[in-house]
Amino acid sequence: MKKELKIKVNGQPYDLFVKPNTLLSEVLRDDLGLTGTKRGCNSSSCGACTVMLNGMSVKSCSVLAIQANGSELVTVEGLAKGNKLSPLQNAFLDHGSYQCGFCTPGMLMSSKALLTENPKPTKEEMKEGIDGNICRCTGYNSIIRAITAVVKGEYKEAK
Amino acid sequence: MTTKFSVLGQRVHNIDGTEKVTGSAKYTFDVVLPNMLYGKILRSPHPHAKILKIDTRQAKKLIGVKAVVTGKDTLGHKQGIWRRFPELCDEEILCREKVRYIGDAVAAVAAIDEDTAEEALDLIDVEYDLLPAVFDPMEAIKEDAPQVHDGVELNINITRHIEWGDVDEAFKKCDHIREDQFKCSSQAHVCMETHDAVASFGHNGKLTVWTSTQSSYYIQRLLADMTDIRESDIRVINRHTGGGFGSKFELDSAQFCAAILSQKLCQPVKIVLSREEEFTATKRRTPMYYALKLGAKKDGTLLAKEARVITEGGAYTSMGATALYLTGFFSSFPYKYPNYRYDGYRVYTNTAPTSAMRGFGAPQSTFVGESQLDMMAEDLGIDPIEIRRKNGMTPNYEVPGQAFIQSCGLHQCLDKIDEHIKERGKLPPNHGIGVASYGFMSGGIFNWFNTPYAFSAAVVRINVDGKVDVYTGACDIGQGSNTTLAMICAEELGIKLEDVRVFSGDTGICPPDLGAWGSRQTLMSGNAVKRAAEDCKNQIMEFAAAKMGVNIVYDLDIKDSWIHIVARPERGVSYYDIVKEAIRGKDGVAIMGRGHYTPHRKGMISPAYSFGVQAVEVAVDIETGRYKLVYVTTAHESGTVINPVGIEGQLEGAIMMAGGYGYCEDQPMDDGKILNPSIADYKLIRSLDMPETKILEIDTYEPEGPFGAKEAGEGLTNPTAGAIGNAIYKAVGVRINDLPITPEKVFKALREKEKKKAK
Amino acid sequence: MIKDFEHFAPKTLKEALALLDKYQDDCKVICGGQSLLILMRQGLVAPPYMIDIKGISELSYIKDEKDGLKIGATTTHRAIEKSPVIKKKYPVLAKMETRLASIQTRNWGTIGGNVCHGDPAGDPLPVLIALGATLTMAGSKGKRSMPAEDFCLDYFETALEPVELLTEIALPIVPPNSGTAYTKFNVIESDLATVGVAVSVTLGAGDSCQDIRIVLGASAPTPMRPKKAEAVLKGKKITDALLAQAGETAATEADPISDIYASEEYRRELIKVLVPRLTREAMANAKKA
Amino acid sequence: MLIEGKFTMKAPIQKVWDFLMEPGTLASCIPGAEKMEAVDDKTWEGIVKQKVGPISVKLNFTQTLSDVQPPKHLKAVGRGSAMGSAGTFTQETIVDLKEIAGGEVEVAYSSKVNIVGRLAVFGERIMRAKVKKVGAEFTGNLQKKLESQVGG
């Protein structure tokens, strides 16, 4: 039996009806068409589905959609403001912190959650911040360099 | 670093970067078409069995199921990427009579959603007659071993022999000979996007397939082989691909099953392999048993080497035939052996087929070779760097009868690493630095695929506003080839990178290209694009020369979108203005250039080779055997650097992958069953495990490459496992000859060493 | 593929218990679901009814009380990790949490869910047992409590009845001159434990070992206390020789398995190394305290 | 994966053997076995229920004696498929009897178990732990049964 699901995604409120066995990632991708959020595994291991839920990072493949009822979500599509990329997105571009790009949305969301919680992380904290996300292409260090640049204030938040 | 280029060597954003950081990049995984169905594949739970009967009636009755197909619904063709050799085309994909490994496909379902398709799989009843199975190649070559394929003697799929000089005579002249044995493990590619395909066959008889692939052309041709649809009626589209690493250039079960289901229904069918299928039913790195004999003079001069290899082939040939050849060739790398002999045997087993993975046999040969070389150096009392200097390849060296090496910066790399190790100074206790040298090819000169086309071809079109479109069959699988090709085009035309767009990997609009494997695209596709751009440039120049009315002895060039006299750069005209007028002057036809590249007279292997040396520092906990990768420094030369950000990414990414191969990645099996088919159980290096990395780029110029460039992709995967092994030895004095070098193996070796000492 | 189920989201403990009474074996309790959903996606667990207790706010708390610390069962790992009072009074618990899976998992997953999963390789239980924690369970017929070390019965089997919910984890006040340490051995930093060891020590006069609790994770069907090893050290002045003996003893008491991550033999060897190592660390922490 | 065990008991070897050969003795020692029924003198069928934490599995189980060398050696091959297609499992059991001093018989037992399908994916770690335990229980059951029926 479908249940009502009220969520706000990237600032937009939605009123949906979902089956209780639907995962949050499925609602985002299939119902809302926000395909930036990926799925890379079936075991909560890869982090490609990471989104922000009430300001914290979660693996959207490991959260039942109905459990997110009433929450505010941010997906990778919500990072840019209009036509202005966010500091993290610009830093990822400058530092080549992506290759195939499949893990990138999750990496950005984990990085964003880290900086939301802790604007001045140490290098070790940055590594920990993205440790739940697998990237098979970059070797992570370029992602750490991008986060470092943002922390140093090299990129300004778009107004 | 040379500064004569305006675009090459610049730190640029990949041309698809903004799509990737905003989540708008569409992968096959994201493709949704109207009226689309979802497919799932039923796979054999048995390593070796006859299929007696497949009953699909119950599955077909399930509401929402639209079609169920089995091997009987196919044409029964066997496919393989070694198309020139029909006996090596041995894989049906949907098995008709026999399954040969756990994961072999036996049926596929198309349904209205994934859940229904999966439910239907449970309703398919397959009756099997279990056959004796064989899993280890050493067992499979025994007289009484079960036969994986009928009529294949001793299960030997392929043999390879490479020889030059007089090896036996040379060993007699050696002061010291070492014989060592090694075992190289399997490895999974673990692309973040699993294999997937959306196939759409229309009533017009045409098939369109969106798929995550390294070679749209190969998939197009192989699908044509398997379905008897004309090649040109099949359009394969690869836009963004979530990683490949060697796993995605053969026809796979997602592509084939989606295609035949769609053919049957005339509805689009999407199949996305689950992560478990990805681990168990796609190809993987070839495990190898290696026996090496190495002979040297007292002064460290290497006189002879003999390598004997038996590889676990798994159930089918796939690209394993190439891996067998390349591991043999690269076993001589990067040294000047006057006498060398290689014998390789690829053996069929009832395990998942083994094939290409980044490095293609060379990570295995580099691990064993570099480990043994360090042992030899120690035996002879010579410094590891010194023995590499003494024997390392140099520019313009000919590997007898095999290859001609033009550019080679190995010795500069050795110098840099030597300096670096000295700078690191005295290390803390139980730390050690190990080195490994390596080399790799820039694309293969092989045509086992039997393509009638040029290896690479490109079309460049200049539009009226000066914007340039590049059409290439090359595939950008994340390595950034579209950016590299755009940079080459922009450099050649003397325009801005932003003025170039790339259309790639779509067989409907792009000229054929063999695709992204063997580190070939920078050199081969790069040359094709460069030549196509040159063709355009010549046309512009003709018009500009006429327009400017310059003395015919003057040379013209374009730089920063300014067409000018080389001797008087201030005299010129705007590229944009000339393009506008040129098109008008050509009766409105856009400026089009064509280019292609097929290697000729470049030896047997590759037109060019890259080289490097890597130093890995480890820190070992001697009580537990647990060690950490502390620091990895790589001195690397890949000719002219086109995209420095891309090279950094390739290098650091290779360390994650090759460090994993050396340290923790493995696919243990029990009776042919892979025991860790999930990312939870398959251990991958994560950010907290990743070492510090440093790159020392060495300047070289490769005459055969576009603007002097050569490969910088796979070769970087070669050295790390060997360097880790050598570093462990330096740190704590134990040597591990079988990969991966796990803490438990180090612990056991340390205990053995203690015991010996006690005696 | 997750099979269809009916979902209940009770807002209070009472409502939840009533639902448990009603559906008993046919239902499954979900909180963060970080372990459960993996099994459900494999189709290995397919309950017709799910009781979702994530929203029961009365079970999510960290209270510093006179007789010790109380943690509500639905408190997330991340809340524990970042709690100032836990960092101050039970730093080992916060530190343990930083090595549990990933931040995403800790943000959504709960301490109660982890404990009830009964995974012998889980991180929290060895630490909770070392700290002398008591678990409180509620059923519609009332509450009961038991020491954390008695909670696990077998592989993934706990003392929790189908009609009960774990409600609270209580930690006693740490006695003076006490210290606790935890580590897990694994090959990848954030991975599950190949072997986990937690040690709590209370030092007596002359730095002798007045009391000690050693807990092994991933070394037996349940987290376990090698009591003979504890006896080797208890009441004694700790020496290297005694520590080595305790390690040896703990290794024989353990009952580890061989799997793809480690052989049984290697696990025992790790116990031999880690028990002395962690005891030293716990003693150092006790001296700092 | 391989589970091995052995125990000794005081009984004549032939008596132990005869009991082992009785249909269903082996099958009924399998933990969780229910409704074991003989199909013929070498084959029996039944249902095996197993539980690992939250996972409950019900297997249709068939076991066949495949190699019988009285009174010393027997081999039985078992096959189970889970209801609901969670996986299949195969088992090969070898029991060797040996007379040792003092009228005792040593019963050596080894069983090779292989699980495929979703059950196996669930986790090598958990399944292996479970199999080890089931193996130990089987040996325990066998020993108990033999001792109560034949021993003493």
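First chain written, first letter: the chains are A, B, C and D, and each begins at residue 1.
Criterion: a contact is a pair of C-beta atoms (placed from the backbone, for glycine too) under 8 Å apart; a residue touches a chain by one contact, two chains touch by 3 or more.
If you're wondering where the values come from, they're calculated on a predicted model, not measured in any experiment.
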Most distant chain from subunit C by Cα centroid: B
Euclidean distance of C-alpha centroids - subunit B vs subunit D, Å: 47
Subunit B-subunit C separation of Cα centroids, rounded to whole Å: 44
Subunit A-subunit C separation of Cα centroids, rounded to whole Å: 29
Multi-partner residues of subunit A (at least 2 other chains): 42-44, 128, 131, 133
Contacts with two or more other chains, residues of subunit B listed in rising order: 276, 675-676, 678, 680-681, 684, 686, 688
Contacts with 2+ other chains: residues of subunit C: 38, 42, 189-190, 260
Contacting chain pairs - touch in the sense defined above: A-B, A-C, B-C, B-D, C-D
Subunit D residues within the subunit C interface of the complex: 52-55, 84, 86, 118-119, 121-122, 124-126, 128-130, 132-133
Residues of subunit C defined as touching subunit A within the complex: 2-7, 9, 30, 33-34, 37-38, 40-42, 50, 52, 54, 78, 98, 101-105, 107-108, 189-190
List of subunit A residues in touch with subunit C within their complex: 1, 3, 19-21, 23, 42-44, 47, 50, 53, 56-59, 62-64, 66-67, 69, 110, 113-114, 128-129, 131-133
Subunit C-touching residues of subunit B, taken from the complex the two chains share: 114-115, 118-119, 623-624, 626, 663-664, 668, 675-676, 680-681, 683-686, 688-689, 742-744, 747-748
Interface residues, subunit C side, partner subunit B - complex: 1, 38, 185, 187-191, 260, 262-263, 266, 269-270, 273-274, 277
